[in-house]
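One chain, chain A, links the two complexes that follow: it is found with chain B in the first and with chain C in the second.
Moving on, here comes the complex of A and B:
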């Protein structure tokens, strides 16, 4: 495949991801938080009970997942997945929205600044794009594979690696 | 202890001392007598007016002043809520089990009513991050489902266990 074509396809995919996450944010934001007026009200009045990392740890908690798995009830496991998926998606959307808000404020502030550091601003912008892409990818992964997608994939990769390692060792031992 | 709303809205030192005293008094006299955090949460939410969102406690207001009592109730409500949101699901289920016992209702009826009416929605303090609220409500739904599952399991086991002595004979 032509490398420039592959690059263009990848760029288009990421742009589509960004657009998708933005559109979903707008639609589902209203579903979760109510009207736009109410939403502004919530934002101004909200107090952080947890840091984003604490909240992520709580949402993607391994203990909760194991607790539900121990019940061996398919109905409970299904419900758990549905519930966690909803909360995880909201967490990603809120994080993405908050980052956009901070960036917008920064952009407005930097317009009035007389001594802009171009290198620092470029670095900041790259980090912003990286974070938005990450959020877009997370949204897609959670939607497609569930709330524990990354952990599951890592575990699966680990399993495959071990299996592959074992097979290669066996092949070496038994010619 | 999270005294964020207190420190921001009523910043004079004497006010802060009164609120702190009201907070301690509420913890010591009232909340300590309530057996579990979930029951404390429901109690504190019930002291809040549905229409205005303001808290009210006759005794506390008489001793420390209306505004101080309100702030103390709100701070306690936030603390209990934060503790419950931080709990792992397994511990939340234990909390809810304790609350069902305290309510003196038949567990099956309690679980059914809570699943249908979702009264726990009004137990959330105001001005809490929307994702935290979603997580809390989601955990309660899961905890209720776990309780129902356990109950169904117990009921399914009961006929078998009641047959056990008969079979043994």
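Moving on, here comes the complex of A and C:
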């Protein structure tokens, strides 16, 4: 197959995927926040009670999960998983939008600056891409494995590491 | 016969755009674009005369005029950059560096690909050279368009028309070259129609968008935005750091 044709097909596929994910995001957003009219109503009714860090603390906290686990109700656990996933996804999306807004303000300011530093601007762009990628990765992980996936993975890796370490020590002690 | 009609309509459109440009005083705003169009209009006449009365020299005349057109085409890209970024020194500075990078990369690639001598490669075929130059122009336009989108540069109807028309022309030219190199025998009977037909489409766009003058919208600086770049950079970095910390927390949670 012609490489340029393959490249064009890949680019088209990527754009289609991007559009699709964007559309899905919008649908999920409506599900979580309600219709645009309801959103305006909700915004006035519920002013932010937590700072962004506190909010992240609450959303990704394992305390809630443990509390629900103690109820030993599979239905409740299922419901908790579903709802917490939606809230976590929404939080990451809001953060991603915040990153875009910060960069947009920067662009609007820097385009008219007479002393723009090209190297600094390029570095900032890389940071922006890094942040957006991190948001994308978090979205993917939360969607696939739930909001506590990273912690579970880290715990699992730690456990595995400890087990391996123990086995290696045993091997050294008893040849 | 059909080819002659298309050619005739094209020449009429070229003259129409030139007349409207003169009446609307667009010559002063886009001098390089109108110089290009004037040369293309004259070029058509020169080619017809040489084909009829100097058939032995037609090939030389064709390629000389073609390369002058190419050089003037580069002038259009420069004009788009100049007019669009006039009020945006920061974005203009970024564009200069990006274009320098793109041209530098192309130059290095050309040097790396040339067999042993650059001039041997240049003399290989005129068509190959034109294709390479068109691809370079396309890359320059893509770089500028990406930069315009990134910095939200406002366009007037006229500038948008010039940019869109010329980009379309370049894209069609590259498309024709690709087709030409893959299946020349199959497309040979339609080549002349495709070439003149696509140019007619571009002229149509220019006629519509350059019918009346419309200035590039002036952007007022937002008073809430930081004017000093260093301070702005510092503020953006601080906000990014805070967000990164928040996301890092979420990842660790």
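Definition applied: the second predicted complex is superposed on the first by the 126 of 175 C-alpha atoms of A that agree within 3 Å, B and C clash if a C-alpha of one lies under 4 Å from a C-alpha of the other, contacts with A are read in each partner's own complex, and residues count from 1 in each chain.
Rule of thumb we're sticking to: a residue touches a chain if its C-beta (ideal position, glycine included) is under 8 Å from a C-beta of that chain, and two chains touch if they have at least 3 such contacts.
This one's a predicted model, so the numbers in the text were calculated from it and none came from an experiment.
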item: Touched chain A residues, chain B compared with chain C; value: C
item: Chain B versus chain C as contact partner of A:148, first or second or both or neither; value: second
item: First (chain B), second (chain C), both or neither touched by A:106; value: second
item: Contacts of A:67 with chain B and chain C, given as first, second, both or neither; value: first
item: Which superposed partner A:91 touches (first chain B, second chain C, both, neither); value: both
item: Partner chain in contact with A:131 - chain B first, chain C second, else both or neither; value: second
item: Touching partner for A:78 - first (chain B), second (chain C), both, neither; value: neither
item: Which of chain B and chain C A:120 touches, first, second, both or neither; value: second
item: Set intersection of chain A contacts, chain C complex versus chain B complex; value: 59, 61, 91
item: Contacting residues of chain A [partner chain B, same complex]; value: 32-33, 42, 45-50, 55, 58-59, 61, 63-64, 67-68, 71, 73, 75-76, 79-80, 83-84, 86-87, 90-91, 94
item: Contacting residues of chain A [partner chain C, same complex]; value: 52-53, 56-57, 59-62, 88, 91-92, 95, 98-99, 102-118, 120-121, 124, 127-128, 131, 134-135, 138, 147-148, 150-151, 154
item: Complex contact set, residues of chain C against chain A; value: 87-91, 93-94, 97, 150-153, 219, 221-222, 225-230, 232-233, 236-237, 239-240, 243-244, 246-247, 249-253
item: Residue ranges of chain B touching chain A (in the complex, touch as defined); value: 2, 4-5, 78, 81-82, 85-86, 88-90, 126-132, 134-135, 138, 141-142, 145-146, 149
